[in-house]
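Down below are the structures I want you to see.
Shared chain: subunit A. Partners: subunit B in the first complex, subunit C in the second.
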Partner chain A sequence: MNGSAYASLLELTSGLVLVCAVVTMWRRSLPAVVKALSLQGVALGAAALILGVHQHDVVLIAVACLVLAAKGLLIPTLLGRIVAGDPSSREATPVVNVPASLVISAALTFLAYGAAEPVVRLIPTTAGRLVPLGFATLLIGFFSMVVRRKAVSQIVGLLLVDNGIALVAFLATAGVPLLIELGASLDVLLAVGVLRVLASRIGSKFGAFDLDQLRELHD
Partner chain B sequence: MSNLSLVIAATAGSVAVIAGAALPRRTRVWAVVLSTWASCAAALTGSLIVLHTGRPMVLSSSQILPLTGVHMVLDPLGAVFVVITAVVAIASTLYWIGYAGHGLSTRTAAASLPLFILSMLLLPAAGSVATFLVLWELMAVTSLILVLGDQHERAETRSAGQWYAVMTHVGAAAILLALVLLSAHSGGQTFAAIRVHAHHLSPALRNTAFLLAVIGFGSKAGAVPFHVWLPKAHPEAPSPVSALLSGAMVNLGIYGIVLVGDRLLGGGPVWWWLVVMALGIASALFGALHAATSTDLKRLLAYSTADNMGLVLIGLGASGMFAATGHRTTATVAMVAALLLVVNHAAFKGSLFLSAGSVQVATGVRDLDQLGGLMTRMPITGAIFLVGALSIAALPPLNGFVSEWLLFQSLLHGLPTSSTAVAIAVPLGVAALALTGGLTLAAFVKATGVGFLGRPRSPEATAAHEVPRTMQIGTGLLAVACVALGVAPFIVLPALGRASQIAIPGTSASVLRGSKYLHVAGLQGVLAPALLAASLVLAAVVVVAVRRLVHRRSMLTPSLRRAEPWGSGRELQTARMQYTATSFAEPLQRVFDDVVHPDRDVDVDHVVESRYYFERISVRTSIGDIIENKLYRPAIRAVRWWGRQARHLQNGSVHRYLAYGFVALVLVLVVIT
Partner chain C sequence: MTGGQVLAPILVAGAQIVIVGVGGLLLLGLMRKLRSRLEGRVGPPIHQPLLNVRKLFRKQRVRPEESSWVFSAAPVVLVATAVVVAAISPLATTRPPLGRSADFFAIVFVLLLGSAALALAALDTGTPFGGMGSSRAMTIGAIAEPALLVAILAMSIPAHTSNLPVLVRLGLTHPQMIASPGRILALGSFAIIILAESGRLPVDNPSTHLELTMIHEAMVLEYAGPDLALVATGEAMRFSLLLGLLVNLLAPWGIADRPGAVALVIGIAMLAVKVALAGVCIAIFEVFTAKLRLFRVPELLAGGFVLAVLGTVTALVVR
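What follows is the complex of A and B.
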């Protein structure tokens, strides 16, 4: 793979990660959001794959395959099942409306570029240049956890945060040790499993997946 | 050889803790008592050897406490406090055998009691900051468990426990800061290292450390205004524990002030000791006044503890001031007087708290207004209480008189000094001492007269009966000590002299000479306690004999009409016609109205037909602690308000909580960008 093809492929996949994050903010329909998340997982895996191929790193390629399987396939399938079980699978009234969310997402992307500047200066490669995309994904994920009401949306927000961290890790360190990536993936998988059970319980107990209705549980 | 005694004391104490925690109820109490006695006996032996030879006992081990190790140095000063603790502990555990049937026999209590005693036995032997703090904390925690005792469901006990927990930990924090400050700037955490470097420390650091130590140890000793826990915790604690708290634990606050002020920092400027003396005067007056107006027997005793510790602080302050102005002999006399007061206070307050406990066991009440007539129903407990009351009121020939005499001597004869501050402070101290003496006398006339004489005021008091023998002996042991120390103070004075020499070096140990007459070096006063006692006994015998004689003659005259005393010649008297504790204290309460601030509540029920006739009037007076109400309550309210404001942050919304994190993250990022 020559240098310019590598650079544009990496830019494409990493950019796709951020675009998917923005799409989750834009769409209200939960199946669409889960689809965007699935696409983000694939893009993340692809970015890792491209990095692995470029650096001739077999371990990184293995990690990339793992990410593709877990974040592109397994987790979205699990989420898809929760969404299928919820009759009103729309984020009807987010705390902040969609246009405002998109504007804030743009602002967060600017902030991510600003905050990541020292990191970019440290890594003078193509990959290093793309680190702010991971930061932006992380911030948007966190933001979506704050403003979305549905339990599934919260899980999606958490996964966005995780994907953002994973992207930064791939780009900045040229590969995380396999063991750590395995551990992190397993963690996220477990968290999603637990949240899935919790969400279905909340659904059967309260007849809704709205977290706002849980306010009375405090104290 | 003598080092071994500390090891034996620690081992036997640990055995007692395990026995208390593991053994079944039937054998538990005896096993704990016997092994605690072994522990006390070992510590007592070691301390007596140290006091006799004057050579400190050193023990060091790097195995026990990780990182710092344990350093024990028992010098004569510490040994005095070990002896006091051991004697009070032996008496109160003996008392506990009989008391255990009425409470304090759970596993937790039976394991905490010996641990509390052990920590107090070892604390004066601590030779390094880490050892001292560990033992101090152990003492604080075990005493808190014991204060809660097995009454912890009662709201009053829980509130007392809470106050005690907060005050003792604020104090411990101050002590921790003081000692850590000193050890950090001395390049070593042993007391010996601190002592060597203390003179090279900056004055600001020395002042800070001393003031922190006064706050920390002062709160343990019950000095006003850090005393608020004392009148709550001492009455609510089970009585053997009250005796240990008041007879042994508060003393360690005094030990701490001597340790940091005299021993570690080697004395200081005059104003340090002016502060100590001011605290002492405040505590003495405030404590005595509240003791005189309290109607709860144990609360009265607790306030009187604050009062006595105040007197000890006056002595310490005077001693420090004399030493700072170069009058080292007078300083030593004042120090001996203060230490003697500590010894005597342990004896009489221990026996008073234990007899108050006996009264509580026999009647179930502590309120003096419901007691009365106990002298005939509980003659032995009554006699012991009387001895304690006479001692604390400083009447000869009992021990309180000797220490008060010595304190007066050292203050009065210390007057001609060069410093103006001392010349003003000392007469104030003398005045406080005199007023306190009067108030204490009133308080204990009230306690004895209302509680033990007259007629019973309630069915509980009528049904009172004498307590088990072990409780009588335990209480009596300390009463005997009161008499012995009053008649022959010479048995402890050489030891106290040696201890004072440790605190104020450079003077001879024998500032007090004589075996029949008590001569004070540099002063003119002379006291012959034994002769005084003998002449008093003789006078009493003469009075009784004359009375008998007159009585017999009057029996011979036929026209005699018999009436009850104080009955205005009437035959019929009821218990409600007697003086109550409240009415006895009423004049005093009136005089000190601004300080005491009583809450009066008068309920009048009118007869239905006329507003001019009353059916029933009930008057209730309650006396709060003005320092608690004006100083602590507002502070607590402020903290509560702050806490309530903080509650608005938490409204149960998951989104709100997430938003806190998100906003914080974004802010941090904006700041670093």
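What follows is the complex of A and C.
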């Protein structure tokens, strides 16, 4: 792979990760949000794969395949099942309305660009320059967890944060050890599994996944 | 200066104006025909918009009694701005006459002048529909214009210029610049804004006269005869112009990069093919889309705005 193609592909996949994060803020229909998350997982895996191929790092390629399978396929499938079980799978009334939250996402992106400046200066590689995109994904994930009401949307927010951290890790350190990535991925997978069970319990108990209705204690 | 040096730019500008004017109307006809076919109807022939305009030009000039010069000037302003932009934009060739003044920001503002004139004219007649249409069009414009400006900024950062012919030519010489994420995001945002600005489906339904939903149709309700023909031509020109700029920024291949008649003819043919393809895509998209509620339109446009902002940030990051 020559230098410029490597740079363009890496820019494209990292940019796609951020765009998918924004799409989850944009769309109200939960199936579309889960699809965007799945695409983000694939883009993240592709970014890791490109880094691995460029650095001839077999372990990183293995990690990339793991990420592709877990974040691109397994987790979205689990979430897709919750969504399919929910009759009204739309984010009808987020705390902040959609145009405002999109503009805030744009502001968060600029914030991430400013905040990542010292990190970018530390890593003078092609990958290092893209670190702000990972920071922005992370911030948008946090924001999504704050303003969304549905259980699934909040899980998606958590996963956005995780994907953002993973992207920063890949770009900044050029290769997380396999053991750590394995641990982190399993952790997230477990968390999503637990949340899925919790969400379907909430659904069967209250008939809705709207977390705002769970303010009071019941006997 | 020889005669050829003076004549050639005039010929190029004339060719671009004619292809934008006639081609724009034909494009609308093509899209209507395709939509009808996909919906299982036969539909009017592709050249129907041309026939409509010819018919309208032959009719008597009728204007509302209480209207002022604003009302009669608006169609002329609309067409004049479109003609100016069509003459100097890099549509069939990357070396249009006065190409150095074809700044992307300037072109946007010249086109905006036309829509502002139309909105003022709709207010001028004093009918409730006109005012409603203007207020809706300006609401949408107020969100779409900043998004467009930010999208242009995102495209200008890697190129270090906002001059349109240079932007298109850089796409020819540096194809990797088109595939850069900043450019892709900006063009995505540009596409959403084109749909909003020219009143296509998710924002406005061009084929309805239902008073509750219409935006653009409400503004031109009072026009008749030659004035209406001018408005229809102007709107078609704006739509095909914006689409032409989009396809040339997205895929500049085929555009005439050298002076000469042969290159120009190829450029015109390629432009027609590319714009027709874009129109076909929009028509197919429209068949499967419902119009958004008016209050949901800002969501769509805010999405376009954020895409443009992301494009700018990635352009800054990648630089």
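FYI, the second predicted complex is superposed on the first by the 216 of 219 C-alpha atoms of A that agree within 3 Å, B and C clash if a C-alpha of one lies under 4 Å from a C-alpha of the other, contacts with A are read in each partner's own complex, and residues count from 1 in each chain.
Basically, contacts are C-beta pairs under 8 Å (C-beta built on N, C-alpha and C of every residue); 3 or more make two chains touch, one makes a residue touch a chain.
Everything numeric here is computed off the predicted structure, so don't read it as measured data.
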Combined model on subunit A where subunit B meets subunit C, clash or fit: fit
First, second, both or neither for A:145, with subunit B first and subunit C second: first
Subunit B versus subunit C as contact partner of A:204, first or second or both or neither: neither
First, second, both or neither for A:22, with subunit B first and subunit C second: second
Contacts of A:99 with subunit B and subunit C, given as first, second, both or neither: second
Partner chain(s) touched by A:115 [first = subunit B, second = subunit C, both, neither]: first
Smallest separation in angstrom, by C-alpha atoms, between subunit B and subunit C in the superposition: 16
Those residues of subunit A which subunit B touches in one complex and subunit C touches in the other: none
Residue ranges of subunit B touching subunit A (in the complex, touch as defined): 650-655, 658-659, 661-662, 665-666, 669-670, 672-673
Subunit C - residues contacting subunit A, complex: 176, 179-182, 184-185, 298-299, 301-303, 305-307, 309-310, 313-314, 316-318
Interface residues, subunit A side, partner subunit B - complex: 95, 108, 111-112, 114-115, 117, 139, 142-143, 145-147, 149, 154, 211-212, 214-219
Subunit C contact footprint on subunit A (complex, rising order): 4, 8, 11-12, 14-16, 18-19, 22, 26, 98-99, 102-103, 105-106, 109-110, 113, 129-130, 132-133, 136
